[in-house]
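The structures come next, written out as structure tokens.
Consider the two complexes below, in which subunit A is the common component and subunit B and subunit C are the respective partners.
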Partner chain A sequence: MPMVLLECDKDIPERQKHIYLKAPDEDTREYLPIANAATIPGTLSERGCAFCGAKLVIGGVLKDTIQMIHGPLGCAYDTWHTKRYPTDNGHFNMKYVWSTDMKESHIVFGGEKRLEQSMNEAFDEMPDIKRMIVYTTCPTALIGDDIKAVAKKVMKERPDVDIFTVECPGFSGVSQSKGHHVLNIGWINEKVETLEKEITSEYTMNFIGDFNIQGDTQLLQTYWDKLGIQVVAHFTGNGTYDDLRCMHQAKLNVVNCARSSGYIANELKKRYGIPRLDIDSWGFSYMAEGIRKICAFFGIEERGEALIAEEEAKWKPKLDWYKERLQGKKMAIWTGGPRLWHWTKSVEDDLGIQVVAMSSKFGHEEDFEKVIARGREGTYYIDDGNELEFFEIIDLVKPDVIFTGPRVGELVKKLHIPYVNGHGYHNGPYMGFEGFVNLARDTYNAVYNPLRHLAAVDIRDKAQSTPVIMREAA
Partner chain B sequence: MLEDKLEDVFSYTEERCLWQFFSRTWDRTENIHGVVDQATALLTGKPPKRDTPMERLHYADGRTMADDLRERYPWVREAGEEEITQVMESLKARLLDTTIARSTNRELNHHLY
Partner chain C sequence: MSACDTAAVKPAEVKLVPKDRGGIINPMYDCQPAGAQFAGIGVKDCIPLVHGGQGCTMFVRLLFAQHFKENFDIASTSLHEESAVFGGTKRVEEGVMVLAKRYPNLRVIPIITTCSTEVIGDDIEGTINNCNRALKAEFPDRQIYLAPVHTPSFKGSHVSGYAECLKSMVKTIAKTKGAPNGKLNLIPGWVNPGDITLLKYYMKEMGVDANILVDTEDFDSPMMPNKVIDTHGRTTVEDIQESANAVATVALARYEGATTSEYLQDAFEVPHNLVNTPYGIKNTDDMLRKISEITGKEIPESLVRERGIALDALADLAHMFFANKKVAIFGHPDLVLGLAQFCMEVELEPVLLLIGDDQGSKYKKDSRIAELKASAHFDMEIIHNADLWDLEKKIAKGEVKLDLIMGHSKGRYIAIDANIPMVRVGFPTFDRAGLYRKPTVGYKGAMELAESIANAMFAHMEYTRDREWILNTW
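Presenting the complex of A and B:
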């Protein structure tokens, strides 16, 4: 089956290179969607900007760091509070937002003084906080403000603070993905190996590419504690600035989100010889496999088997209850990139769900190699999908539930198709054994929610009857 | 018969193994040789190498692979050393072809990460 030109794309035929329908006996040597390419004019992309990739996805997760956004107010507000990554210190990162609030006069006369003043004000207002990341945005990059020089000056005047700069304006890449890259490479170049922490276990690792969405990191940390493994740094869920400076001390890099954070794992391997182990943290089968691999690396296989047995005994009966009721349901996944390949087989194997369409906002061709290898035949694989394409795909595959973000989610709700928040979750965490039961529960509640059927009834029309939905209590 | 067995192990690898899809050609080459060699050793009763960090990494992936192949495919449990080695060497060749030689991924050979 060749690449697909949807009816809605007939005026932008270039989109055909971005949409693939998998057929038997084909593989990615023949058909691989073009990805991480500039959005085609005429298509209404769902993508975010490069600055957003650095700040919202990675830097803004840290629990002890001021996130100073050098730009107009909107850049700060629109990357704050829209993703749920709590912390164990009272959610410092979600309570506050910092901006230099650039106005026209600063654009005309330069914003460096404004930035210096804002940095000092922030440190003065929050005397317990000694770490800061400063981000450029489109306007401050265009006028050439030298944020590194300002950071250096502030650090010289305040010897107890440490500041990292991210020069990644929104226009610097085709999507969020560029921001991930800039932050990863900047951090390894400037901050790793600038601090040493106490090592308390012979088994040490960095856990990379997990952002503590609704407590994912904290749930997984209970596993590492039971296994006796010290996590030197979480990149960046519930993480601290200083722990990330010590990443060179770990013996193993365990990578979950290879798209946002694979770069730093690759560099840690290249520069320090620390191996990179990629795992999937969503799903029973995958989580057990990940634990087995980590334990095999350290030679503590028995501990791993004991942990898996304990967790499965506790959570498997609950998972099976949902599996029985979700068997054969059809799911679409329209998220960033990696969750396509993390989830397509885990929901199929653990819950009996068929994934019938997947769309990635910022995945690269590597992500499509992974997902097409794992995904079903007869499933659509879409790069940088737009709204009209979503409508057409929905008609073609008729999903029972869509895992996506709130923007697209509100769109599909109007079609009376339930969505589950695939970015920030509905009621997470979703990682680990307990987490996947949460995902199953939210999927069940979405699929069997009577409201979406009731919403389709026009009560002014006497001929329409209210549907009766049977649903068992969980 | 070899083709059928190769298809079995290739299908399994496609479905489960992220290590074949690392970022660059040299990472993929290293992983494909490292992990498949460790799995082959385990499936043929030889002691796997676990001296260096990379050997331990490939052992961790290779052990899972060997265990899964034994569980999924009865012929793996019954096959002799020569047959296992032949199938696994063919798997390596197919993976190198699919994920590197004929991959259209435009980032595979970029000299930077």
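Presenting the complex of A and C:
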């Protein structure tokens, strides 16, 4: 029985359709977990909402843009101080959130005036900032505030500003995934080709679906600089609002996170004929493959080979040191969606790690097709896993380390299992060659941490002694 | 450090004013449902069920995990479009049943509304009646208390949401007046596990049998050899039932606990007492005297000694290092006003107090503000409905010159960018280690806070080479 009904799910048997155990010689067409479907209420799912998928994941990364959240203050408070995406201009994006602070009277009489006031205040208070994204939230969508009309009015009165609107309240869709889609499509419909920027290289691309987590974008940018490729727009790591308006000018769309940002790449292909090239930026073999594909597109293969050789000479010995020590260790990955398929084979090929269980919060069936193809047999593939399921799966697979968020990390700590932050990283960046050595180092430090062995000791038990943990210097 | 002002020549002015903008830039508080969730997790065998979009739960769980470095169980009804159109009460019913089935020890479910479900107008009380019937049919031997908690995000803040949920749980669970139990209800408000531990120690030293509503001491929970997870509130259903039979209630927080204390008086004739939150020496004295007066128990020698040790430590710091130093404080109203009183005791000058929330009329009646008005020998501004931009702007414009900021981690960049020493206090304090374990209330809390302030100032003197040589001998 490849679809698994866990003991904790006996009262919600429909969960069986979401949990797959890959067995040998199986026709995987028959066993794709159901994904991107509504969560069962009360299951302690890990999912967020569509609003956060747009604001927190994509829009809020931009380094020069006011993120005006039209709703009560909580939606702003909660999507602040939860991400690690620095910028090269002092982290404007992480320092501030803006809310229209909707009160009961605005719910009763409409909140458009309040929105207009808040937008003008924000521009007045921060006179150097001329770009803004306005988001609806659950209550302002329910009362039907016309945020587009307000944005138009403010733009008319302030000719030097540009404003984009995103309408995906928290209740829309089944997860944050809906918000990614709404922002992608809205942007191509309304903002692409509204500006032209200076083109300085014959090789131009957009780098799509990378959010500069702990400097990922900035690390990869050193590669593009060495290759002489101009990145027209970063969607959206360390990115600017105006660069994203110029996405039509690129010759190639390189996509890392296909789940959050594949939509805009597809539209750029359809409307402007710009080809879409999907790469994986995590892992040595994948990164090299990605660079080769990009360079092949531009006909600059020698440059690519030189870069790969240089990077591998620098970082491969360090990676191999970790690989020797991580060989055969068991990892679980409980993150958003795409990192399952980005990581499962790269940690196996580059580090010898076995990924034994994976859960996706908001992946679609397409993501499960990819991860099941790349992943191991005997591994659990879970859609929208919940807390009791995690406990049961941990008992079944006994991972040495779990890549997940900090809250779940705190939970599994009690079970003496170390976690590595699979969203914001421990000490990144994790992309690129250097980044994957960072990932290997953090994994090694987690797996070989002495505390888990100390935690297992019961000092009342005379048969036990407290061990001295031997650990090698990296 | 600024040079000492030698004398105040003009009468000091203490102003209470609201923020002068409509929108918010960097909120100080989260919304009502977040506070309700915090009260809910303080009860044992309780999983709050938040009726709204998934983000309303996911981010709040993350926030609690950031502050306490622990995981807490909170469920969502995962509201989606069809509920927004046709009502979401079926999802509440489903959520309650799923929780009851999968968590056999579950005894309390606060059903917490959000902005969306309040706008839709879901009938929570009627739904609870349906749920109670279904629970009785399915689990005739179990009693699960379903508490309706109306916390639209467009009113109040997480402070009022906390108070609302606490009151609703007591209303739902404490139904009958029984034999007097000789206990004292103690309502500490939104404080840390370290505060609860200290308050319980005080009660034990005095021989007072205290019923803490709610007891969050185990929010700091251990890694145990048997891997047990005990991260939950310690207040039981029985404790809440017994609150109706207490000799009296002492509420230590005007905005987070007084309404529950008043309810217990109205419903069960348990005398209501409100004291200032015990920040600083005088407020702690007044609390202990009040408890002594109510219970007839003497204040023991041990607390007289603890008070003396605190005073002894404070005396080393106050007029040598603290006098004339200008301080801004932001956070919960009970915390900010209490810490301002404490500052006056140790010669710090709290020149700027920021309290969020739209309850200006309530603040006008707060006796602590009257006391500050009477006692301040310097100009003081108290901004209510404030956001953190108020603080940042006043510093940037030079309207206040500060030697110290006291507040929670959401304001960290103000201190970092302006290079002003900051002591983290209140909620959340995720960017400093272990603060949830340290008391801020009581004599010991006053001493430890003062020492944190002194050490922050000393480190700043060293990093900025500002008369660091003073500490060459101390």
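The criterion applied here is as follows: the second predicted complex is superposed on the first by the 459 of 474 C-alpha atoms of A that agree within 3 Å, B and C clash if a C-alpha of one lies under 4 Å from a C-alpha of the other, contacts with A are read in each partner's own complex, and residues count from 1 in each chain.
Methods note: a contact is a pair of C-beta atoms (placed from the backbone, for glycine too) under 8 Å apart; a residue touches a chain by one contact, two chains touch by 3 or more.
As the structure is a prediction and not an experimental result, all values here were calculated from the model.
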Query raised in the report: Who touches more of subunit A, subunit B or subunit C?
Result: C
Report task. Identify the partner contact of A:Gln218: answer first if only subunit B is touched, second if only subunit C is, both if each is, neither if none is. Result -> neither
Requested in this report: Report for A:Ala38: first if it touches subunit B alone, second if subunit C alone, otherwise both or neither.
Outcome: second
Query raised in the report: Is A:Glu121 contacted by the first partner subunit B, the second partner subunit C, both or neither?
Result: second
Requested in this report: Determine, under the contact definition given at the top, whether A:Tyr77 touches first (subunit B), second (subunit C), both, or neither.
Outcome: second
Query raised in the report: Touch check for A:Glu369: first (subunit B), second (subunit C), both, or neither?
Result: first
Query raised in the report: Looking at the overlay, what does A:Lys345 touch: subunit B (first), subunit C (second), both, or neither?
Result: first
Requested in this report: Give one of first, second, both or neither to describe whether A:Gln16 is in contact with subunit B, with subunit C, with both, or with none.
Outcome: neither
Query raised in the report: A:Asn445 contacts which: subunit B (first), subunit C (second), both, neither?
Result: neither
**Report entry** Touching residues on subunit A, where the partner in the complex is subunit C
**Finding:** 8, 11-12, 38-52, 68, 71-82, 91, 95-104, 106-107, 114, 117-119, 121-122, 125, 137-139, 142-143, 169-175, 387-388, 405-408, 410-411, 413-416, 451, 455-458
Report summary line: As the complex stands, subunit A meets subunit B at residues 27-29, 32, 36, 185, 251-252, 258, 262-263, 266-267, 270, 273-280, 289, 292-294, 296-297, 299, 345, 364-366, 369-370, 373-374
Query raised in the report: Inside the complex, what are the residues of subunit B that reach subunit A?
Result: 14-16, 18-19, 21-24, 27, 50, 53-54, 56-57, 59-61, 63-64, 97-99, 102-107, 113
Requested in this report: Spell out the part of subunit C that touches subunit A in their complex, as residue ranges.
Outcome: 21-27, 29-34, 47, 49, 52-56, 58-63, 65-66, 69-71, 73-81, 83-84, 91-92, 94-99, 101-102, 114-116, 119-120, 152-155, 157-158, 221, 223-229, 231, 358, 389, 393, 409-410, 413, 430
